[in-house]
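What follows is a pair of complexes built around subunit A, which joins subunit B in one and subunit C in the other.
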Partner chain A sequence: MNRVRVLAVADKEIRSILRDPRSLGVTLLLPAVLLVLYGYAINFDVKHIPLAVYDPDGSRESRDLVEALTRTEYFRLARVLSRPAEAEEALATAAAKVVVIIPTGFAAGLAAGRPVSVQSIINGSDSLTASVSLSYLSAMMQDWTRRRAQARQVPAQALPGIRPEVRVWYNEDLASVKFITPGLVVVILMMLAALLTSQTIVRERERGTMEGLVVSPVTAGELIAGKLAPYVIIALADVALVAGAGRLLFDVPLRGNAALAFALTLVYLFAALGAGLLISVLSRTQQVAYMAALIATLLPTLLLTGFVFPISSMPKVLQAIVQLHPATHFMVIARGVSLKGAGLGVLWPRTAALCALAAALLTASVRKFRKAL
Partner chain B sequence: MSGWAIAVRDLTKRFGEFTAVEGVSFSVAHGEVFGLLGPNGAGKSTTIRMLCGILAPTEGAGEVAGHDIAREPAAVRSHIGYMSQRFSLYPDLTVSENLEFYGGVYGLDAERVRGRKRWALEMAGLEEQEGQLTESLSAGWRQRLALGCALLHEPEVVFLDEPTAGADPMSRRRFWEVIYGLREAGVTTLVTTHYMDEAERCDRLAFIYAGRLIALDRPEALKDSKQAGALVEVDCDAPAAAVESLQGEDWVEHARLHGGGVHVVVKGAEGAQARVEDALRAARVEARRVEPVRPSLEDVFDSLIREAEAPAAVGAS
Partner chain C sequence: MRRRLRYLMRKELLQLRRDRRMLGMLVMAPLLQLFIFGYAVTLDIKQIPLVVCDRDRRAESRELVGSFARSGQFELRGLVDSPNQLDRPLASGRALVGLYIPADFSKRRARGETAPVQVLLDGTDMNSAGVAAGYTAALLADHARRWGRGGSPAMAVAHHPRVWYNPELRSVNYMVPAVICMILATIMTAVTAMALVREREMGTLEQLIVTPISSLELMLGKTLPFAGIGLVDVCLIVLVARYWFGVPVAGSVPLLFLSAAIFLLTTLGLGLFISTVSRTQQQAMLTAFFVIMPSVILSGFMFPIENMPRAIQWVTYGIPLRYFVEIVRGIFLQGIGMEVLWRQLAALVGLGGTIFALSAARFQKRLE
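So, the complex of A and B:
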């Protein structure tokens, strides 16, 4: 590889990018917009869930439990029921999404040290709200018992529980933004790297500048290296922007090794760039390349790689296919490193798969490109 | 190493069943301006692509600037300059940036790029436009900038593929001044064109038709030798009627519209003018002027194509 030739290509590419400040602005700002959008607007957290209570016990303890549940921002007391039958009506009219029934003898049972059950009825038609409500309820009831124990200065085990123990790992406050941000890095990198690079080669061909390059001594490897360099810089700047914003705005941690995170991000970036290049080499027009990049890289990354929808709930065939997508592996890596503080000891199979995909995509694009020259 | 700047022997290129170039042989001397002519699709571009080391020939061999086009395509590429019809310029870069880019791509160091850039700007008359975006340049300027980019690394052989297509006459003249300047500096130029006035300016012309080389000589020699009969020019108000009446005569090789009048090729030179005059009178076509003329290059190529097509037409019927 000739340094002068690689630099000439990189320099030209950077000037082209800078000459189009609108596109540059979009590439730099879009990730931030996406983060804010996903962080604030598209919130998988459920808040202010309407709650109805039927409390025939009417004891101090039962009133205290209701108070504990509705004091938080997760539930609001929508209705107090006077008959059990009203529960059905409250759910049917959507006046409440959750009904909590505290049985008669609640206080007496607690006092006698007997485990008591509190019945919760949840509207299951909204599965997301339902499952979130369920976790909230059990966590809060457990919390209520613990605080009672603290107040009496006895170990929690000494007091009868209300519900079986439920624990939430990694994302203790169940904030979806912490789950989303590492995933968003995966999406944004794929979008930038694949969409932007999908244009580079086919643009030269459309403009007719490819002919000038073809007759010059520049090699396929030099041309690709020079072309990719600026996009690597832009993509890394975007990663820093998203990770920084995630940390500042939403308190998303980086629990794993920063150097490892950086190294694996680079590997993923090269896989995405390879995919974009391959599309660019194979496409005849910029428009085709753009659509192909959208369909082959961005949409699967959003929908099929576990960003929002879990892979385990997909058909087996699709599960096998998405293993060929670099984003599938990096999604696990990004969340693992960021939220769990995972290292290579756990992540090596994913890392190996990612490296193999990156190598395969880049080699294929250089090879195809050499033939096209 | 041969004494030629370009030498090809039996150059053939097949794409599957289709033969784009077949058995083409010619040699171009150092410092020669060599024209490659032929209708679109005749195989000119395929020939140039093989000479530039982009396309490997199916058969035959060639040498450009002392390097074998099949075995050392990379060496060929660093010794030639190439300018395509599409100019290969980046519209979103300035004049100066385009030159710098091509300088870098040809591996020139910063110092040499600076010097050559100055030369190219002066050659193209673009000193004032140095910082201007290429997309804002007129076609003529863009064309000279493209030439500057192709010449930046001081190639020994330059390939110009329809460099003046769509340019105005002033720009074309200026362009040819640059080409003559190159010739004086010993640079070899191979140029393709559709303009007959440009073809006349070449030292030698090769005419390619249907993938074959059908004529190769100096323009003047072509005009002298390549006309089977005598050429008579008719100036009249009804050229279409004149063509129709003359085409029926068995002593007429062919008649065709030329400018505002008619060019008639008559078999055998004897009394050609009188026979045409008689025929027109018989057909009641009034002619202002009937006189023998020296064939233009266009006439030469017209009859060359007719000759080349004749056996094919017999075979087809």
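So, the complex of A and C:
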């Protein structure tokens, strides 16, 4: 590989990048926008669920229960209904997601020691909010009962027999931004590869400038090295931007070894660039390359590699398939190094897989490219 | 006018047909997304990987571990001998929860004392961690009750929940309708913009301009085929959702298509607009992406809008995708019609009409 020729190709690519300042601006700005959106706007915690109450009992106890439910940050009292039929309307218009119905005779039953019941209707169309509301409601009613029992001096024997001592590690305050930021680095690198590298070769081909390159003395390896070099710089700038902003704005820590983090980021970057190149070599038009990149790299990274949705909940077959995606491994590595302070001793299987995938993708793209020439 | 428009559209469709891969992508993309969302993207947390350190090793502690393994909510990934060995699986991501049962567990239980167990949670994914904590507490309480001693006081208040619209709480039912929104928003905008910029980049736009085709015809001829493909995609998604995934379509299908057509005004209009401000396909693509990503995140498609800060909630009112997501979910899951959805439809018509009219005006001016 000739250094002068690689630099010449890189120089040409840098010029064409600089000639389009908006595209460059987008690649540098989009990560920041995404981080701010995920950091400030998106809240994974289900809170302030709008709740409507129909309370024909209207007793002190029923009001106390409603107060106990809505005093917390989980529910907010959105509406008090005067007829049961209004429940349907409240749910359909999304004025409330949960309706709690306390029947007449609630207080009287409690006083007489009879079992009493409370009914709730939950809008299940958003299954996450619904299942969370369901468990909150049950837990809070149980809690309310227990506190009443305690207030009336029920023997300790009847209180829970096993006490879970829960300790949360790595993300002690369960802040979603600490979960998201390392994952966002993974997504952004893949996004750059998907949107930028996937266009480099196919653009030359579509515009007819590829012939010019083919007749020049540049070899396939040199061409690819030169084409990738500027994107490596842009990508690293993005990583620095996201990691720095995460640190400054949201206190996202880097508990592991910084050099290790950098080295593994580079390996992942090469895997991502390799994937983008492969798409670029295989596509005939930029439109096709764009869509292929979206489908093969970006969507899976966003949805299947554990960025938001846990892999362990997926079907087993799919869990096996996503192991072939470099982002799956780097997601574990990025979170491991930044939040858990993990080193190679723990992360070596993931690192090995990542290296193998990067090597395979780059080799495949160079080989396919030679053939295409 | 009609004849010229027809020829132009035929050219566009011919071009698409010749580009087999492109056509394949336009059909494959929605199906692939649908399958990903149908099978993989689930916020239901199950099979949580668990490691256990059981120092007690008597009947009751074994039964406790067994009830975790059998629950379906946890998957036992390993047993370790000492509590120090619990941190390695958590650090490597092999387990999310570590359960430590001390040696005096059964003894304390036999004496009727409160027996502590330690639950270690990997809090990295706060969502899964929260759910895992909830499951753990419920399983422990249940175990205590079944093993006789203690347990929560006989529940004086019985909770009878009922779930409407999606009784089994299936994520698929919630996610699949949203795929329609995703497809129309992400793919259509970028592809429309790129198709127009491509003509300019290749220099064929000049040729079109010198023909008797008016700029209005050119605009319609370029956008209508994509509108058609968009509606075919909607058709495809509805059919697969209904007959493959068994997602019920509770509301009116014509209303669904009507609102999809209105929503297409926005995406195609946006595509037109982007094409007027972009010189190269790459620029068009990146600009489209830059506009669409935030609006997907803020549309309430994955993350509930009511959890966002007030200021951001106000911003979402300016995002057409937000209304479309509400309409599609309303029609699919809740079976509500115009009587409830008219507000969202009106907003969509207003926003879509404005975006399309402004972009069309700009597009025509650029051509002259």
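A few remarks follow.
Methods note: the second predicted complex is superposed on the first by the 254 of 373 C-alpha atoms of A that agree within 3 Å, B and C clash if a C-alpha of one lies under 4 Å from a C-alpha of the other, contacts with A are read in each partner's own complex, and residues count from 1 in each chain.
Simple rule for what comes next: a residue touches a chain if its C-beta (ideal position, glycine included) is under 8 Å from a C-beta of that chain, and two chains touch if they have at least 3 such contacts.
What you are looking at is a predicted structure, and each value in this text was computed from that prediction instead of being measured.
In the superposition on chain A, the chain among subunit B and subunit C reaching more residues of subunit A is C.
Touch criterion met: A:214 reaches subunit B, while subunit C stays clear of it. In the superposition on chain A, contact of A:20 is made with both subunit B and subunit C. Of the two partner chains, subunit B is the only one that A:12 touches; subunit C does not reach it.
In the superposition on chain A, contact of A:4 is made with subunit B only, not with subunit C.
When the two complexes are laid over each other on chain A, subunit A has residues 20, 207 in contact with both subunit B and subunit C. Across the complex, subunit C is touched by residues 20, 22-23, 26-27, 29-30, 33-34, 37-38, 40-50, 65, 91-94, 110, 115-132, 134-135, 137-139, 141-142, 144-146, 148-149, 154, 157-172, 174-176, 178-179, 195-196, 199, 203, 207, 283-288, 290-292, 294-295, 299-300, 303-304, 306, 308-310, 312-315, 318, 332, 335-336, 339-342, 346-347, 349-350 of subunit A. On subunit A, the positions that touch subunit B within their shared complex are 2, 4-5, 7-9, 11-12, 15-16, 19-20, 207-218, 373. Contacts from subunit B toward subunit A in the complex involve residues 52-54, 74, 77-78, 80, 82, 84, 86-93, 97, 100-109, 133, 149-150, 159.
Across the interface of their complex, subunit A is touched by residues 19, 21-22, 25-26, 28-29, 32-33, 36-37, 39-49, 75, 87-88, 90-93, 96, 109, 112, 114-131, 133-134, 136-138, 140-141, 143-144, 147, 149-171, 173-174, 186-187, 190-191, 194-195, 198, 201, 279-283, 285-287, 289-290, 293-294, 297-298, 302-304, 306-309, 312, 326, 329, 333-334, 336, 340 of subunit C.
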